[in-house]
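So that we are looking at the same thing, I have put the structure below in structure tokens.
Chains here go by letter, A, B, C and D, matching the order in which they are written, and residues are numbered from 1 within each.
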Amino acid sequence: MLLNQFLLLAAALFAIGVYGVLARRNGVLVLMSIELILNAVNINLVAFSAVRETVDGEIFALFIIAVAAAEVGVGLAMVLLLYRNRRSIDLTEIDLLRG
Amino acid sequence: MENLLDGWGLTVATFSPMVGVAVMLLIPRDQEDRHKLVALVTSLWVALVSVLLLIEFDIGHTDRLQFAVDKVWIDVISSHYSLGIDGISLPLILLTVLIVPLCIVYSWNHFPEPHNPKAFLILILVLETGMVGTFAAQDLVLFFVFFELVLLPMFFMIAVWGGPNRRYASLKFFLFTLFGSALMLVSFLALFFLTGAESFVFTDLADAVAAHGVSRTAQLWIFGGMMLGFGIKVPMFPFHTWLPDAHTEAPTVGSVILAAVLLKLGTYGFIRIAIPILPEAAVEWAPWIGMLAVIGIIYGALSCLAQTDMKRLIAFSSVAHMGFVMLGISTLTDFGINAAVMGMVAHGLITGMLFFLAGSVKERYHTLEISRLGGLLVQAPRMGWIFGLCVMASLGLPGLAGFWGEFPAILSAYSPANGVPVETFRTFMVIAAVGTVLAAGYLLWLLQRIAFGTPPEEFADDPHITDTSREEWIAWAPMLALIVAIGVYPNLVFRLSDGAVDASLHECLTVNASELTADQAEALGCADVYNISVGDGHGGDADHAAAGG
Amino acid sequence: MSVELLTLAFERPPIDWHAFAPEITLLSVGALITLVDIVFLEKARPYTAALAGLGVLATLIPILTLALDGADRTMFGGAYVVDDFALVTKAIFLLSGYVVILLSTNYVAEGDYWENEYYGLLLASLMGMVMMASSRDLISIFVALELLSIPAYLMVAWRKSDLRSNESGLKYYLMGVFASAVMLYGMSLLFGVAGSTQLTHIAEALNGAGSSVSVITMGIVFIVAGFAFKVSAAPFHTWAPDVYVGAPTPVTAFLAVASKAAGFVALLQLVYVGFYMRPEVFEPLIWILAAVSMTVGNLIALRQTNLVRLMAYSGVAQTGFIIAPLAVAGHSGAIGDQALSATLTYLAVYAAMNLGAFAVIITLARRSGSAEIESFAGAFHYAPAMTVAMTIFFGSLAGIPPLGGWFAKFEVFRVLATAGEPWGYALAVVAAVNTVIALYYYAAVLLKMWAEDAPEGDHLPVPFTPSLTSALAICGGVTLLFGVVPQVVARFTHVSLLALGS
Amino acid sequence: MTELLTLAASTATGLPLGITEGGSWLLRNAWLIPFLPGLSFVGILFFGKRMPRGGSELGVAFVGLAFVLSLLTAAAWIDHRDNFEGEEVHRAVAVAVAEHGGESAEGHADEGESAEGHVPGHPSLGVHNTVTWFEMNDVAFTVGTLVDGPAVMMLVVVTLVSLLVHVYSTEYVAGDRRYTHFFAFLSLFSASMLLLVVSENTLQLLVSWELVGVCSFVLIGHWWEEKPNSDAALKAFLTNRVGDIGLIIGVAILFFTVGSALPGQFGSFSIAETNALAGTGQLSHTALVVASCCLMAAVMSKSGQFLLHTWLPDAMAGPTPVSALIHAATMVVAGVFMIARMYGVFFEGFSIGGSSINLMALIGGITTLIGACLAFVQRDIKKVLAYSTISQLGYMVMALGVGAWTAALFHLFTHAFFKACLFLGAGSAAHAVHSFDMKSDMGGLRKVMPHTYRTFVIGSIALAGLPPLAGFWSKDEIFVGTGGWGLFGGTGGNGAYTFMLVMGVTTAALTAAYMTRCVYLTFFGEFRGHGTPHESGPRIVVPLWILAGLAIVAGFGNLPKGLPLVPESLQERFGHFVEPVASYFPGISHGTPSWSLATASTLVVLSGIAVAGWYYFVKVEAASKAAGESLTELPDGLTTKYPLARMGHTFLVQKYYLDHLYTDVIAGGTKGPVAAAAYKIDQDVIDGVVNAAGENAVKAGNLVYHRFDQLVVDGIVNNSGRASSGAGGELRKIQTGKVQDYAAILFASAMVLAGVLIVIV
């Protein structure tokens, strides 16, 4: 099995996703980065599932895909709301609340 | 009657104030007279119940828990609703139920700002439940709950009705006490689990410690935790700094209750919990406690000499006086602990009175700055003489109650319990005796500057400065009478406490090592900390020789 | 094997309708509210709150019947379980939810926003929590978590035109999604080790696996981190203060109590059912989280000027207390059980006292329109009852007998001491010291309310509303009851997850 | 004989204590005597203000009653002493007896010899009566009376002087704003003092000891409106408290030491037991030495012994009757009485009876000299008397220190009368001139105050010790008791304390001289004050005469053995009835009186009078005449107060008068620079030490409080609070408000935790 390669791919995706979340200033791009992480998870799950010869991993991945869609929906709505009120989606600018 | 008291007496005494509180909560705030009446009646009722308890109390068996109740309270943690009193608790309960109605009477016509008698009296009644409960509780968890119950009311009493610096003082009081009790709680729990006792009931714990033999190190740690918790409440040097602030800022009645009863919770904890349950650790800690006690005596006295505020001076004198109590306790002898019980009662009455007086002085002169006062005896002669009497009582004049707390404590330090280093305690004895001189110094100095001389110009013709009022007489007379009565006939307290104290001490502590034969020593099977050599009598003789020398 | 599983998957699993009755009731009420909203529009406005409240209470009925029935019900091959633990936690969620509805009624009604959505979202989130209590499978835990989180994101941002509300909503959302992504990554690793998403299977796998220790450790840490975020344990707490302040206060109460409780429930299930055989991983992890949470939460709280923000940090510190017993849970089965019931006890008491505190804040803030501590000064003079109530709740949070909090703290200390391990005692001492620090800021607020005069001598009385008053009465009564007769709460929280787990 | 009995008893039935529970009703119920004034105190306190004479009538009546009772008790004792045959109380003691048997036999051999004079079968048992006060640890703490010779003597003295002072005071303090209080506290004082006298145990002794102290405090500070008075009161009380440390510790040591010798009891306060055990050598010698030293500290403060005596002159700020009663006749002798009471302890502890000088004798000797020197330079008549009291108390302590027990108590007895007489006389004079200053406000009073003058002179002669007045006999006995007189037949006694004898005799000369000065300054010359003084009323004069009479005759109570012309039945009556011959009292031996010593001491006294008399009555009188005004010293004499400033002048004067004033070299020299220096030392150094101790205590208090308590102890707490808060402030900065920072923290934490755990697991 090529498990390790899949895991490495997933790890790479995860790392890229994390980098994106931490470094991108654009809210939408951050959302995309999170999707990357979720996809890394999915790859992991599917790969493990294949190795373990069970379907649990695939089912889990399906659930994640479904829920992620809902999440992104909410997320885009929020970004939109913010844009409407502030005319900007730069995450580094929203720091009204702190301390 | 007897049966009723037996099962319910203590419960009624403990929780009646809460009934009073419930009634007062229903009465609107502006009906002040009704509030006062309810509070007074409640506290008098509690006093009556306590007196009935005293009457029914079997004086012949003060060492036995009487009016005991023992019901399971919190099953999961094997905690019981266990109340009972013996000769150690009874005097303190009586002191409490005496002080509370007197405080209510005293404040009858002059509640401190911002007035609000409803809240003030409710707090006093809640306090009463906590105090009586603490003295009656026979279960560690129950004790803890009551011990803490007094915190909040006192906190608010200081915070709301206190002096200008009240926020700082109340917070300090609160934090110190809670800090101690948090660590104390950890000790309690460690004790319970290391011993594997059946329940948190004191006797179960003591039995379990005796039977299972908790390791020495663990005992020492646990005792240390308790010492911190109780020591802060006492307060022992160096945990005393909350006390002067709290006393100075508290309203008069708050100071009185604080001095008269609250400080006793700590020393009571030592006598009731720490020493009976962990006698071996007590022996090892004793020199340290004794040392802190005598440091407290000298330190408190020296601090008194530096004070410019009358109330603060009295507060620091508490540190010194409680030092004597702690010295008595640290000897671990029957004599010393009896002295401590007496010291607690006496200090409660005397310092309580002194705070009452300070309050009355403040009310008349609107200041407690010692340098601005003077000539109290001229303007209010009766009050001046009462003040003189209290000062004398406080400095340990024989014939007044204070002496019987101080002198036996010093005496007992000459010959502490087995295993406690004799020479060290003799040194403590001498230091403590020096403390009596300092006590006389600061108290007489206070008396001289407050009562003697002629009134300062600013108050010379002040019409507000009147002699003792009716409420003051009613509130003070019982206390003064008791100060004298106990002073003349100390047996009033000793008779109650002696048997109970004796029973609370481990046999190995009190046995006379010099008179022990090898067989007897072996039969006792005392641990090495007691320094009773098993097998040959020489160890005992050596000790005896040291005692003689 | 896979063939068998596949065949099984196509059969309709047997469904125990009684076991699902709470979920179904809640779902129906949620649907009903949405329906009513769509059909009656504005006219439904006055009734939705009552409807939501009644619905939540109605949900308690099947829980009661299940509890009376007493039997543990296992479904979907162990992925969904209704046992005592589940019932007790469901009850806690629902009761907290009910109190939150009471708190929300006036707040929401007085806002300019569409009311019915609010209750719909609230019920959906509650639904997620109720599901969480029964989930014993990574998938169901994940789904429940998202079900309770996504509506919560929306509720936080509910005041659509308020920048602060927007900001906190977005922050909560981003952090939440990121945390769950990290958590999922951890889950995927564990799945890789165990080959199954069921916690019981994972437990078996973890018990045996010797080779992939670091993968297991990483998986556990990531999963725990995900839930530590949910329960706002330091250092995963950073979102909480900002979100608490920005969100509508009733929502804050909801987040601080119900949502947090759900995180704990998930954490408990994971630890007890899944990771129990790996104490060497989760115990130090929890230890660090507990100690850091208590200390950081309390220290920062010392410097707060906004009461809601202070509550956030106090919540962080309380989290430290709640999870502290888990730091010794792996010591032995008996200790594990005690740790579980200690945590549950704390949760129950915490829910009552924290909601109560928020109730007071909401009530008093209605008058001044501000949650700054300064604006609470002198409350004793114009709202004595509120001040006394606040004293009860804050005293309880500080752990002063005879208020409920003491027993919760006592239980925590008890478990830590019972284990008889040095680190247990060490954590107990840390906790003891923190109790004092916490007391400082609780007492400071109380002092402000009792001992100072109202700003500008404003002594107008506070307007009372029936729903807030009843919320206060419920919380106050429960707090006192738990403190005086702790047996009541102890009786219910004395449950075990281990019977299933091992 | 006695020796055998004792030994037999100690092996068979335990240690005999020398006390009995029997005896006549009066002896067993001596508690009534302190009880009566106690009752009067309560009565005056509550009803005094409402009574026609402000409560003084109550005081006089009850104290009078107590006096009558005391007399009856004394009569009963006289009967009891020789005729009582009753059971003696024995006490079981620890096994350790046998080891010390040899020693105790030796000890009792002496006693046997010395006690031979007493008729066997009349053991002179003290009458003991107790009730339990309180009980602790199965030990009963009792309160009760131990009535024996010294107690009865003290009862009579205290009640008598107290009665006279009460009567005197009704006139002296008439019209005072706190008249009632004054009598109340006089009564309380009497009660406490009487309680002290009959104390059966050391605890009771300690209690009454403190009570008399507090009465003294209140009465010294009677006019507390003026600060010096309250200062004096404070000083008196505090100085006494310092001594009380010793008392407390000493009592504690004895309590446990005795307890170690008694089986089944951890301690005992009983005086009889303590003394008896100490006497039989069953107590550790070290413990006794330490206890004696501690108790000595108490004596030093209470009885104004050197180093702790400075409060006593200041105490003269109180009303004169108080000075007479408390600070001359009774309270200040409490220390002496205590030594006498606990003589068994001191006798062993200080090894009295050897010839080595012990602490007690030394302190007594020094005190007696110091006091006498200081009396020279006083202007205030009461201070002269105060220093004289110190000096005389020194005599008594010295006497006890050399083993002359009876002499000491006899001197106490006579001193009480003549010193009270002198004080009351001084008071009478001062009452007339409204001042105590002899130099500026007195002089020539003999013409206008004949009664005062005569009684004062009688008292002075008695004090100076000229035969046949009281002071002579008691002083002479002390000299005999020192055993230091080797000329014309030795005096025997407990050892040869020649040094003490020298000190004593020197003091006798000084005493004679300063009293001469005092009498001259007060009553001779011309009146130097203002107004017209006149004799006081009968309530002052009558007590004066009674005391003067006693000052004349009291000495006959103990005529020395072997005095010709006196029937033997009148010799040593005081010693016979007062000195206990019982197991609780050590066997002491008595010196033999010596004619040569008596003659020598009389000559010394006469020479003292002569020198001072010559100086004042001849030289000063002449100078006064020359100057035309009443002088109090030679204008160019040596009695300058600041010798250093006038050193050159003084030097010249000394040279010029050297041939004329050849005796003045000694008298004047002592009077002048030495006394002044001594006074300076007294005021500056010793008093300075006391004051400095007080000031330093306050300073230490300030230091401790401000530097330590407020900064360190409190500081630790406050600073830890501040540090917490500061940490909170720092931690707060993490909260930047930027969501990506938060995410970074979240992720970094997770990674760090994972990393750490992976490494450690």
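The working rule: a contact is a pair of C-beta atoms (placed from the backbone, for glycine too) under 8 Å apart; a residue touches a chain by one contact, two chains touch by 3 or more.
None of these values were measured; they are calculated from a predicted model.
Pairs C-D and A-C differ in how many C-beta pairs touch across them, and the larger number is found at A-C.
Chain centres here are C-alpha means, and the one lying farthest from chain A is D.
Taking the mean of all protein Cα atoms as the centre, the chain whose own Cα mean lies nearest is B.
Centre to centre, using the average C-alpha position, chain C and chain D are separated by 79 Å.
Centre-to-centre, using mean CA coordinates, chain A is 25 Å away from chain C.
One inter-chain figure worth recording: chain A and chain B are separated by 65 Å, centre to centre, where each centre is the mean of the chain's CA atoms.
Each chain gets one centre point, the mean of its Cα atoms, and the points for chain B and chain C are 43 Å apart. Multi-chain contact residues of chain A, defined as those touching 2 or more other chains: 21, 30, 91, 94, 96-99.
Residue positions 170-171, 174, 178, 182, 241-242, 440 of chain C are each in touch with at least two other chains.
In chain B, the positions touching at least two other chains are 175. Contacts between chains, counted with the stated touch criterion, involve the pairs A-C, A-D, B-C, B-D, C-D.
By the touch rule above, chain C contacts chain B in their complex via residues 341, 380-381, 384, 391, 395, 398-402, 406-407, 409-411, 413-414, 416-418, 420, 425, 428-429, 431-433, 435-436, 439-440, 443-444, 446-447, 450-451, 486-487, 490-491, 494. Against chain D, in their complex, chain C makes its touches with residues 170-171, 174-175, 178-179, 182, 213-214, 217-218, 221-222, 225, 229, 235-236, 238-239, 241-242, 280-281, 284-285, 288, 296, 298-303, 437, 440.
Looking at the complex, you find that chain D touches chain B at residues 133-137, 206-208, 210-211, 214, 217, 221, 224-227, 230-231, 234, 237-238, 241-242, 244-245, 248-249, 251-253, 255-257, 259-260, 263-264, 266-267, 283-284, 286-287, 694, 697-698, 700-706, 709, 713-714, 717, 721. Within the complex formed with chain C, the chain A residues making contact are 7, 10, 14, 17, 21, 27, 30-31, 34, 37-38, 40-41, 44-45, 47-49, 51-57, 59-60, 63-64, 67, 70-71, 74-75, 78-79, 81-82, 85-86, 91, 94, 96-99. Across the complex, chain D meets chain A through its residues 732, 735-740, 743-744, 747.
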